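Read through the structure below, which is laid out as structure tokens, and then see the notes.
For clarity, chains are labelled A, B, C and D in written order, and residue numbers in each chain start from 1.
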Amino acid sequence: MLLALPMVLSSYLVTVFVLIFFYAYLGQAWNIVGGYAGQLSAGHAAFVGVGAYAAAVLSLSAGLTPWVGMFVGGTVAAVLGGFIGFLGFRFGLRGFYFVLLTVAFAEMCRIVANNLEWIGGAVGLYITFTGNPWQFQFQDSRAYYYIALGLMVAATAVAAAIERRRFGVYLSAIREDEGAAEAVGVPTFRYKMFAMIVSSFLTGVGGTFYAFYLFSLQPNTVFGIPLSVEIIIRPIVGGAGTLFGPIVGSFILSPLAELTRFYFAAGGGWAGVHLIVYGVLLVVVVLFFPQGAVPWLRRLLRTQA
Amino acid sequence: MAEGLRAEQVRLPAPQGLILDPVLVVQAVVSGLLFGGVYSLMAIGLTLIFGVMRVVNFAHGDLMVWAMYLAWLGATRFGVDPYVGFVGAAAILFVAGFAIQRQLVDRIVDAPHEMQILLMLGVALVLENTALVAFGPEPQRVRTPLTQAALWLGPVFVDVGRLVTFAVAIALTLALSLFLYRSDIGRQMRAVADNGYGAQVIGTDVRRISALAFAVGAACVGAAGALVAPLLPFQPPTGLQLSVTSFNIVIIGGMGSLLGAFMGGLLVSVAESLGAVFLNPSMKELVSFALLVVILLVRPAGLFGRRAI
Amino acid sequence: MLDVSGLDKHFGGLHAVKNLSFTVGEREIVGLIGPNGAGKTTVFGLLSGFLRPDAGQVIFRGRSITGLPPHRVNALGLARTFQIVRPFPHLTVLRNVTVGALGRHAAPAAATQRALAVLNEVGLAAKRDQPAASLTLAERKRLELARALATEPTLLLLDEVMAGLNATETERIVDLVGAINRRGVAVLLIEHVMRAVMSLSQRIVVLNYGELIAEGRPEAVANDPRVIEAYLGTASA
Amino acid sequence: MALLRLDDVEVAYGDMVAVRGVSMTVGTGELVAIIGSNGAGKTTTLRAISGLLRPRRGRIEFDGARIDGLTSSDVVGRGIAHVPEGRQLFPTMSVLENLELGARTPAARAARDGTLKSVFDLFPRLGERRRQLAGSLSGGEQQMCAIGRALMALPRLLMLDEPSLGLAPVMVGAIFDNLARVNRDGTTVLLVEQNVLRALRLCHRAYVLENGTIALEGPRDRLLADEGIKRAYLGR
């Protein structure tokens, strides 16, 4: 059904779906380390940013096709993620300290990117539209729809595969009680590292889509804390550590964000309304549905049946 | 988004290369130190809230930005100078802090750390973006005659606005210390921070003390916001930057340590000021982040150890 | 099979374990007792890799495990339970135990089979699809035991698995521990329910203020004046 | 008349029942001990009396009025002070501040300086170290500080949870002598102790808790002669 949808949608609605899929993809990537393994990274924008910059710079300066560049970007993000994970996990940083470490790295990336003139500095990078699919550019916006959908499905397939294997069981044990997991033989450091690397790789791959969908990159947006918030809020509202949490979360939040932007931003000065909605939702979720929407829906369906 | 922070921190010509001109160093240190009083006050508010409740106030910087807007409203609508208006801003934030603790934080004090972080992040988003809706995205700045004046101590330039801000911030910090060390309520706050269970056993009303601690912490950041409003152009996203800076300071100084927050505030401000002079104004935050990462890895308890408040 | 020699541990000014040496033989059940604060749980931490000793050695089946991380110690066949049970609260009972079994059986299907067998043994099979948080305390204690058993240990360290249980529940755990031991698993247990320790253990090690004050057969230990003094206190001095 | 009366009190942590139907009384001026092995429910009983836990069943009366369900600050206000297990001092605050914080009620605050004098009289060591941080005291001094802090509330009933835990025998002797003195001076004392013989020598009456219920009770001399005590501890 999702495959046929673009045929009947207006181009605006296609855009809304692209955002739903893409943020669900980023949320799913975050979910692996933040949801399943319970390591609250609040700096995932760093991985989007380095992935996006790697692919864009390689494309602009070396002519490398983004179809390859996206994997280079993913790899660079994975190296960064591995480094942050190594520092955080080796030194036993938990809770707020880990949150702050991840935020600090994202902010450092932002500041550095702002100051590196050869990647555009604070002005950022602009990609000229050529419409060449080989350069990840498409005349028909529906192409982006299918790519975003594909990314979301692929990340979900990865998450599903992890969930079914020892990897996933170990991650959930780590999330629930790291010490108890160690006691029954789970090498917690190694598995947290795996989770961080897989998650940052996928997020970095998403950076390519980000860059070539928007045609521009600015350090303050692509590395900014607001993007990190966009990434984590969907899986949390949908249900962190559940397979469909990020998708459900994105279907709830992305259209909501679009609608408020559409209705309020048009009047001018109302740009923050969708973020107010996010804030209220976060508070409501934490206070009343700490497990997120998916487990709640599941319980609801069970009692109905 | 922190354009203002960068531009206004140090009013100096750009240095030519990395020459360690002693006057330049002294200038940067003085400038940073004077600005640091506000950082200290802001961080003390955060550390007080953390010490008593073990809750990290992610909305700290946004409360501060609201205080800045209150100072701005006071100055533009009612002609109240921010160096007087900070009292009002602190009072309003006191009430807001009390309400946030009672209505929200109190429900989740026993929840996992992650949940508390997300809740306060939600509050932060609401505060920041209501400010955006209410006041718009343009940078604002509060004018006061004091910021126009300057003093020269030999070759070193001293901004009078900064000096007054520093003096008031230090006076408030001293007043707060007196409150915490001499008054009964203040001692109860320190007792709850030191050993919450012990405080409960001897009959302390821990809920009430927690709400008051959140209120006092918010009042601190409120005063800090109003006092810095004449020095620092601000816009709603400044709150996020200030939150992150406060976190840096309290981790560097030591979570929950009052002395750590105070010294950390001065240290971070001086480090940023030096960074702005010797690296590049826009790189100054890099210095405090680098400092943060080193502290996190080498001495996570912070420079001033793990004393309760 | 377990040979502890000269173990020492300080926490700040507190000397929690002092020059402690003892052994556990193949298939043996050894009780580790002592008054509150004697250092028993610290000893478990040191043996299972959660704490690093300041001095001394732990030899398990001929190799030193001193300073190894807990998951390595577990992989070598030494499993522990926690005094305050620590189930994975949101995971089902079966998943809890499967986590333990995955160390020996990497394939989830095989691990699940193994976990089911253990759940049958401890009598929790009927609750396998419930989240662990919904179990009663007695059931959680059995779950904790099952999760440790699923790692297929040759030595099991049990930290107060009977505390807080009523008489019938205690009896069931005593029977269960006896049955596990008859399968060839050695057991070292911390326990305050004296009747249970006395009836289960072949040998008892008594700690007081971090030091070994007596060791031997249950009857001998129970009549040892130093042990009686440690438990009842002195009226003089 | 009984100052404190527990009637069929049951206390649970979640589904773990720690105290099952305990009834006991403490008369005005008495020194009563609760003894029993680890996990028998002694600490839980004290925590229920002082309002830190809410009993699931039964009633607790102090001075004729029901106090179960009150908050701990209300219970302190009625005149019950609790010296918890592990002292629970404020380690980064001075000895003097720790003591002064103990005077929570208006009456206690009004009498603060006088009470402080009598606490220093009882424990001269605390007077010498009043400026020192509580966390830097030795174990015995910390115990004195915890008892002193409780006395600052001018309690009619003083409850102590394992004051001898982790202390050298000489120090235990000193602390127990002081408790006897506090009791002689008119404060009713309820003492939870693991040092059975010492507690029995000190008290007037005692209750033996076993597995959350009262296994034995009676005046000191009868319990000192009882073989059942040894059985309760060593399981034989």
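Points to keep in mind about this one:
One rule holds in what follows: contacts are C-beta pairs under 8 Å (C-beta built on N, C-alpha and C of every residue); 3 or more make two chains touch, one makes a residue touch a chain.
This is a predicted model, so every value here is computed, not measured.
Hopping across touching chains, the smallest step count from subunit B to subunit C is 2. The set of chains in contact with subunit A as well as subunit B is empty. Distance from the centre of subunit C peaks at B, each centre being the average of the chain's Cα atoms. Chains joined by the most contact pairs: A-B.
For this pair, subunit C with subunit D, the centres built from the Cα atoms lie 32 Å apart. In whole angstrom, the spacing between the mean C-alpha positions of subunit A and subunit D is 55.
Per-chain CA centroids place subunit A at a distance of 43 Å from subunit C. All chain pairs that count as touching, in label order, are A-B, A-C, B-D, C-D. Residue ranges of subunit D in contact with subunit C, taken from their complex: 14-16, 18, 37-39, 162, 164-166, 169-170, 173, 193-201, 211, 229-230, 233-236.
Residue ranges on subunit B touching subunit D, taken from their complex, read 187-188, 190-191, 194-195, 197-205, 307-309. Against subunit A, the residues of subunit B that register as touching in their complex are 1, 56, 104, 107-108, 111, 113-115, 117-119, 121-133, 136-137, 236-237, 240, 244, 247-248, 251, 280, 282-283, 285-286, 289-290, 292-293, 296-297, 300. Residue ranges on subunit C touching subunit A, taken from their complex, read 48-50, 69-71, 74-75, 79-82, 86-91, 95, 98-100, 102-103, 106-108, 111, 147-148, 150-151.
Here subunit D touches subunit B in the complex through residues 50, 52, 71-73, 75-77, 81-82, 84, 87-93, 97, 100-102, 104-105, 149-150, 153, going by the rule given at the top.
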